[in-house]
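What follows is a pair of complexes built around chain A, which joins chain B in one and chain C in the other.
Take a look at the complex of A and B:
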């Protein structure tokens, strides 16, 4: 178990380093380009040369990468070109806003999708199962931007009960969070529900469930005591991996509702060629994704006794 | 000796495999979910092919701005779905826009599949360091949140049809690679592969003629699902302003252009959303139906 965890952590570190190398090469291999990005297209050669010299860009590439990585690991991400402040100063508050959005999404999505998945998987092929399956295929077929358009047409334009933007310009307002969370939940719950259903349906065909039913246990107890324990192992992994999807989803939702979060920041940085901000955002995104994958893997091994004791 | 080997292992020829794929496709009639999916997909293909005939107006012509759905045009004709902020007929743009989606989405999927299959076959069949290298590479690319990867690639290399295909290939091939590799690992130990090796067929011939046709079932289902994802991706990129360059109609781009007016004139963005959602739903239901049928036998 400990060996496995170390292996996973090692893989995580290697992935982060490879990704950082790729990002660095993609964005900074052409030093001239960096200088144009920082100083603007109207700077002259002399200014660029001075800037490059002052920031150590005439060193060999591997040395530049080493210094960059060291600074990066110690939390110094450089200066944002667009916001004209240190990257960390814009990054952390934005990340916190996205964490709020993600928290509410998961708080609603997990109970909903697990309940639907279990109900559908308990009796495979029943009417309830069929309708839950068709509903989840339909909701996952509607991309986030489309459901954002549909929901704001209904709740903002037609019913006029919710605000159409979530800029939070006059302080935090819970009302402005409703539509973004709804959009993310609608897109994401279907997949988790389907996975839970598949896992539950498989468990229900196992001999020990038949034994439990045949020895006369109440149906409730068969489900709660025997089936759920094994059926919920797979959804745990799926939910953890869903965080990776959420990172994509928040970009669309934050852009649509003008929510000041991490996704909107990443998009803004990319569209404006804000090199150091892109690097920081991308590394944070990959870190979150890889960390949740590691937790999912380790957690799955821990939860599954067949692997744990093997 | 060779004759005996040939008779006991009828190697599936590509032609026969195609016929069988076609036959299993005809079984879609038995699944009503699959039928609805096929219906939606066929509907959009017909719309795309017949675009010049059925579109009531020129898709890029400026006619009458801010017309609500059903308003009649002063020079004849009706804007069934209204017009956008610069007066282009939305129905015509949706009809013409279906061409872009139905051209680039399958093209990008085919590219991704070609790369993914070649890599997966090589890794699963040769094993060893090739497998190790390709698997690690796939792990690393897959550890990116998908949209983050797309945005960084497109923002760096620029938005154009070709670059979108390149980005989709880069981001989707590792997923396909994993599926193919898993299937090949299972199939490479079959008797007919051993027989082909005994006959002295070359490695690539074995991979493409013996192994690949036998792995087609899960791959066809995955291709339908992935086509849905690729359509979402092209839509999302268009919506974020990183899609196909204007002015030619593109569903995601239409939503991006009219996004700011969505609260006052929802018809401008709602109808393109309906179009893209229905096409994605079509492919997802089709994949569901195909899976249902493949599980049956």
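Take a look at the complex of A and C:
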């Protein structure tokens, strides 16, 4: 197990180093571009030269990369151009806001999709299964930007019962979370429900379930004791990967509802060419992707005895 | 803001009054020019009424204003550090409630005294004497005086500050050789303040000594990066959001880029002007999505939007309890061609592009007809010095011939860089592209994210750039078309144009100036530097609770008389 964990962690570190190199080369190889980004398009050559010199941009590339990586690893992401404060000062609060949004999305989406998936998978081909499947496919195929407009039209412009934006400008208000969470849940629950259904349906065809049923165990017990445990292995991985999806998937939702989260920050950084903020956001996104993948792998191995400690 | 001081009346004022009586100029033009020459706004209004025998007073408020309340406005909260380097009106709006200007241009395009209580211009318009208002206190308790104003001028005109004001006050700067050479071996020149251009006469008087006559000085003083900061601004960190010392009726309470700015009313006893009605102004940032602001307005999260785009008008009209503010402006978008880059270094190619336009149709297609057709010379009918040139006609046959003469008998392929938002910009670029097709000009539109466009706006050979409103036509021509100024995005360089502009900028007589402007406009139009389809109106939606708000053509927020019902 320890060797396995070490391997996974090693893989994680290597992936992040590779991505960081790519990021650095993409954004910082043209030092002049960085100076224009920081000092603005009206800065003169003299100002740019002084800035580049003061910030070590005349050093060899490998040394610049090394310094950049060390600073990054120690949490010094540089100064945001747009926000005019250290990147960390905007990044962590925004990430926290997205975590709040993610928490409520998952708190609703996981029970809902698991319940629906299990109900549908229990009796494959039944009326209930068909209804759930059609609903899931329909909701998942409506992109967030469409459902956001649709829900806004209903709840904001027509019924006037929910706030139209979720900027929390006068402090946290749960009401402002409802629409963004609703959009995310509607988009995502169908996918997880379909995965759970597939997994459940597969388990239900296994001989040990048939044996359990035939030996006269109550159906409820067959599902809860025997089927569920195995049926939930696949959804676990899928759910872990949804965390990764959520981090980039929230861009549309956060932009639409003016929610001050990580997705909106990433978009703002990209649109405004805020180089250091883009670097930090990209590294956080990569870290979350690799970390959730690792947790999913370790968890999967733990849950599934067949591939445990191969 | 009444000005009771006795001032020397500029010799041109009686002649102006004469022209008004004869009907040669309209009342707005009289007011504008008379106040520019140092006549107080109230005196000018009285004179205009006296001359024409009619009442001409600013519109009165319909109901009794109510004190108190928090006006929440949806607007991008951008960086607020050095006001001299502001690039956006929104930046200036967040600091406008606490940082004031030397003059103020109202929604009626008339410039009035503000921190400067009166001014005088010499007959040759090369010396301007500014008398600072007495009794103005900074929020840190210091008294405001001429040293503060002088400090600001010196900063603006120091190339190290990096302010666009250096182009605006071109009559106060001199170009010098830095002694350095660029990569191509050409000498690097730098513009900086002409020695002696700013002179502190006494504690409350400042004199500006210009290199050339300048009529628009008072109006230049109300440009968004000319907010007056305290004389110790740089010593105290050079960041106005961290050290918000101002003279205005509000003070900065909270500021977070990308989120919000909260400004609370200052003790009215400490403020020199009339007491403001609002207790608080809150700017809430809803990001780059214009729909988010509308949703916030519809659900009562804000009372006012910074701007409502033309395509949103129907939606606003469908939301009960809202009202729409409108301003006729000199805001525009120009498809400008860099005259030193191929294929635009051939004037025939540029002329062919401009000849393809039917300006009125472009206005109708891309901006729902809300505005006025433009004439490819960047002077608007709302500008007082606007001279009407003979109407331009779409002429495909001539465009084709010019292209063939320029060596493109089978037409030409061009790429036009354009910003993604607001949507009228790519729509107008697209309409222009379609309109050019019959002449064989195939324009591919390259729609770019805004930030990316602003990186290349002055470099791309063919770009579509939006320009904001400025009260005088000469202001924008001095900023954008004079040889060598920082914002000369077309690299236009025509000494004949520069000297004609000098003459127009220095001509006091309105009729004579209009004649001079006709020359300036004609040179620019004939040189086909820009294809300029339209002048657009601007809009802002608000709830019916917002009273006393008038939309400024540049969307400069003047909230001193605004109250909430």
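Note that the second predicted complex is superposed on the first by the 308 of 310 C-alpha atoms of A that agree within 3 Å, B and C clash if a C-alpha of one lies under 4 Å from a C-alpha of the other, contacts with A are read in each partner's own complex, and residues count from 1 in each chain.
Just so it is clear, a contact is a pair of C-beta atoms (placed from the backbone, for glycine too) under 8 Å apart; a residue touches a chain by one contact, two chains touch by 3 or more.
Owing to the predicted nature of the structure, the values given are computational and were not obtained by experimental measurement.
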{"item": "Chain B versus chain C as contact partner of A:256, first or second or both or neither", "value": "both"}
{"item": "Partner chain(s) touched by A:84 [first = chain B, second = chain C, both, neither]", "value": "second"}
{"item": "Which superposed partner A:157 touches (first chain B, second chain C, both, neither)", "value": "both"}
{"item": "Partner chain(s) touched by A:270 [first = chain B, second = chain C, both, neither]", "value": "both"}
{"item": "Contacts of A:137 with chain B and chain C, given as first, second, both or neither", "value": "first"}
{"item": "Chain B versus chain C as contact partner of A:36, first or second or both or neither", "value": "second"}
{"item": "Chain B versus chain C as contact partner of A:286, first or second or both or neither", "value": "first"}
{"item": "Chain B versus chain C as contact partner of A:57, first or second or both or neither", "value": "neither"}
{"item": "Chain B/chain C common contact set on chain A", "value": "149, 152, 156-157, 164, 255-256, 267, 270-271, 273"}
{"item": "Residues of chain A touching chain B in the complex", "value": "11, 15, 18-19, 23, 26-27, 134, 137-138, 140-146, 149-150, 152-153, 156-157, 164, 244-245, 247-249, 251-252, 255-256, 266-267, 270-271, 273, 278, 281-282, 285-286, 288-290, 293"}
{"item": "Residues of chain B defined as touching chain A within the complex", "value": "33, 139-140, 143-148, 151-152, 155-156, 228, 232, 235-236, 239-242, 252, 255, 259, 262-264, 266, 269-270, 273-274, 276-277, 280-281, 284-285, 288"}
{"item": "Chain C partner contacts - residues on chain A that touch it in the complex", "value": "36-37, 39-47, 82-85, 90, 149, 152, 156-157, 160, 162-165, 167, 169, 255-258, 260, 264, 267-268, 270-273"}
{"item": "Residues of chain C that touch chain A when the two form their complex", "value": "72, 78-79, 81, 85, 87, 159-160, 162, 164, 178, 180, 182, 188, 190, 257-260, 282, 284-289, 291-301, 319, 449-452, 454-455, 457-458, 486"}
